[in-house]
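Each of the two complexes below includes chain A, the first together with chain B, the second together with chain C.
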Partner chain A sequence: MIVCVAVVGNQVRSDRPRPLRGGAQNNPVYLQSFTEADDALKLHHIVHCSLDVIDERVNNPKRSGPTLNETFLGLLYPTENYKVYGYLTNTKVKFIMVTTDLDVKDADVRNLKVILQNHYKYVSVLVQIPTYIMFFRRFHAAYVDAVSNPFHVPGKKITSKSFAERVSVIVKSFGSTAT
Partner chain B sequence: MIGVGKAKQYANVLDKPLSRGRQEVSLSAFAFLFSELVQYNQTQVDNIAELERRLEDAGYAVGARVLELLCHREKGNRRETRLLGILSFIHSTVWKVLFGKVADSLEKGTEHEDEYMISEKELLVNRFISVPKDMGAFNCGAFVAGIVRGVLDSAGFPAVVTAHFVPIEGQQRPRTTILIKFAEEVLRREARLG
Partner chain C sequence: MGREVSESCVEGLMMEVVSAYSSRLYPAKPDLAARRIEAIGFQVGHQLSERYTMERPRFSDHLEAIKFICKDFWSELFKKQIDNLKTNHRGTFVLQDNRFRWLTRISIDPSTESTDESTPDNNAAQATNMHLYFPCGIIRGALTNLGIPCAVSPDISNLPACSFVVRIKA
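Coming up: the complex of A and B.
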């Protein structure tokens, strides 16, 4: 079950001095939690800590080559109750998702699974895209639509209600279909 | 602009396909809108440099959004980290989506290491615009220069982008060149990536 999603931008914040390295600052653009419990602050802290992991992955890649450009960053940080997944868009905007599903294996999440089903006369090939990548793709589509709004200032919080509704629909549909 | 589409959402998000077909906008509608944009800015400024800057800022907003949209829709979510990669992306994909064709040419500047040029025989935005003599070297292609700057900036390649008229012998109308001058850190990063 997804408990929290966040969008973190790449803008420079005026109240923080620029780091010596010249890396992008992280300003929250959208943060929404989906539990009734009162630990929303804890979720915000988890999101904040996972930003460091993202920076580390982006700036010091483990492998070089085509995987340098991957958008889905995978499992960032497992805490005792939650798992945090990250996704990086082309403009260095980061999506972070905190979930309580502890039984989804990491291999499932990363790789496409090809399932061959033998019917009577033909064999059908079913490619299973890992569920979290589907979630992030839909989330990315919703984000692109929200940012295409000409009145949206890049770097400020997303105030569009339809974006919030779309995200909650995506999260709910995801929660019911996930194993 | 021809070929600009925005994914509108009509159905439940579960039923929506991941990438929509392109929607085209009529050229005359765009030309009208662009001429109104230029005229509106003309009444607000005192000099030409300010007018060019305003058009460029308008283009910057478009460029930032176009990059997000295109990367999600077209490129299968690969992030460009190399200079040539992002330049060829602009030269073909962005131009194709915005103007319906790829740009005429992409060249590297001979004098400086950090200069690149995209040239076009006639920019779509300039087609229905004639610049009076007393405005000198003003080029409404500043809007397109702003779009390119928006794309480059959001992708992490800060640059200064300007539009110039380049007269060609044998042709009446000059060619338009978008000059891209990258910032120091981009070149350093490029050298480091080898």
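Coming up: the complex of A and C.
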């Protein structure tokens, strides 16, 4: 079950000092929690810590190996109750998803599954994209539509209600299809 | 998602933007009008680059990002690619389009500019330049969103081919 999603932007603010590593600053653009419990602050903290993991993955080409330039970063780090997944777009905007599904294997999350089905006269091939990647793709599409709003100022928080509704629809449908 | 409009509407809008900013809003200050038009283009390029880089893996260096602008981005906007890309390998790129779509409808009539002291050639050049500030802003906005701060200027030394000179800020 997804408990929190967040979008962190790439804006460089002129009033803050330049970051030492020359990377983009991380300004929160959207943060939404989907649990009724009162630990919203803890979720904020988890999202904040996972930003460091993203920076480390991106700036460390030796350790990432063949997945250096992919958008889906996979499992960032597991805490005792949650798993945190990240997705980095081409424009350095980071999507972060915190979930409580503790029994999903990393191989399932990352790899496509090819299922061969034998019908009577032909064989059909079904390629299944893992649900997490589908979730992030839909989330990315909703984000692009929200940012294309001419009244949206890049770098400020997204205040569009339709974006919030779309995100909650995506989160709900993810919860119902995933095992 | 979203609806589509015909291309002539976009060209009509561009003409009206340039004419409104140069003659009605900032009549004696062409530099200010140019900066405002370029700023509009900047925001448009910023948003378009988000949309057109959606399914792609990340770019590894500046040259890949410029090549993306020349090929995929330009064909989404103008249904053709940039015809010629030159670089001095020190942060300057020249993108040349041999038949820029938004300039194909412009014809300059030098006989009407008789009251100005500047030569008709100069006025024609300035009028054409005004139309190019918006695409310069689009390029600048797209590159800035990809993490490459730069300055883009138009170059119309040989019409109908026009060039955009991109200088990457260090």
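Here, the second predicted complex is superposed on the first by the 169 of 179 C-alpha atoms of A that agree within 3 Å, B and C clash if a C-alpha of one lies under 4 Å from a C-alpha of the other, contacts with A are read in each partner's own complex, and residues count from 1 in each chain.
The working rule: a residue touches a chain if its C-beta (ideal position, glycine included) is under 8 Å from a C-beta of that chain, and two chains touch if they have at least 3 such contacts.
Remember, predicted model here, so these are calculated numbers, not experimental data.
With the two structures aligned on chain A, chain B clashes with chain C.
Once chain A of one complex is fitted onto chain A of the other, the partner contacts of A:K157 are absent, as it touches neither chain B nor chain C. Contacts of A:K42 after superposition: neither chain B nor chain C is touched. In the superposition on chain A, the chain among chain B and chain C reaching more residues of chain A is B. By the touch criterion defined above, A:R166 lies against chain B but remains apart from chain C after alignment on the C-alpha atoms of chain A. In the superposed model, A:R138 makes contact with chain B only, not with chain C. Using the contact criterion defined above for the overlaid structures, shared-chain residue A:V147 touches chain B and also reaches chain C.
Common to the chain B and chain C contact sets on chain A are residues 24, 68-69, 71, 88-93, 137, 140-141, 143-145, 147-148, 150, 154. By the touch rule above, chain B contacts chain A in their complex via residues 6-7, 9, 12-14, 16, 18, 61, 64-65, 67-69, 71-73, 75, 77-81, 154-156, 185.
By the touch criterion stated above, chain A contacts chain B in their complex at residues 22, 24, 68-69, 71, 88-93, 137-138, 140-145, 147-148, 150, 154, 162, 166, 169-170, 173.
Those residues of chain A whose C-beta lies close enough to touch chain C in the complex are 10, 24, 68-71, 88-93, 137, 140-141, 143-145, 147-148, 150, 154.
If you check the complex, the residues on chain C that touch chain A are 1, 43, 46-47, 49-51, 53-60, 145-147.
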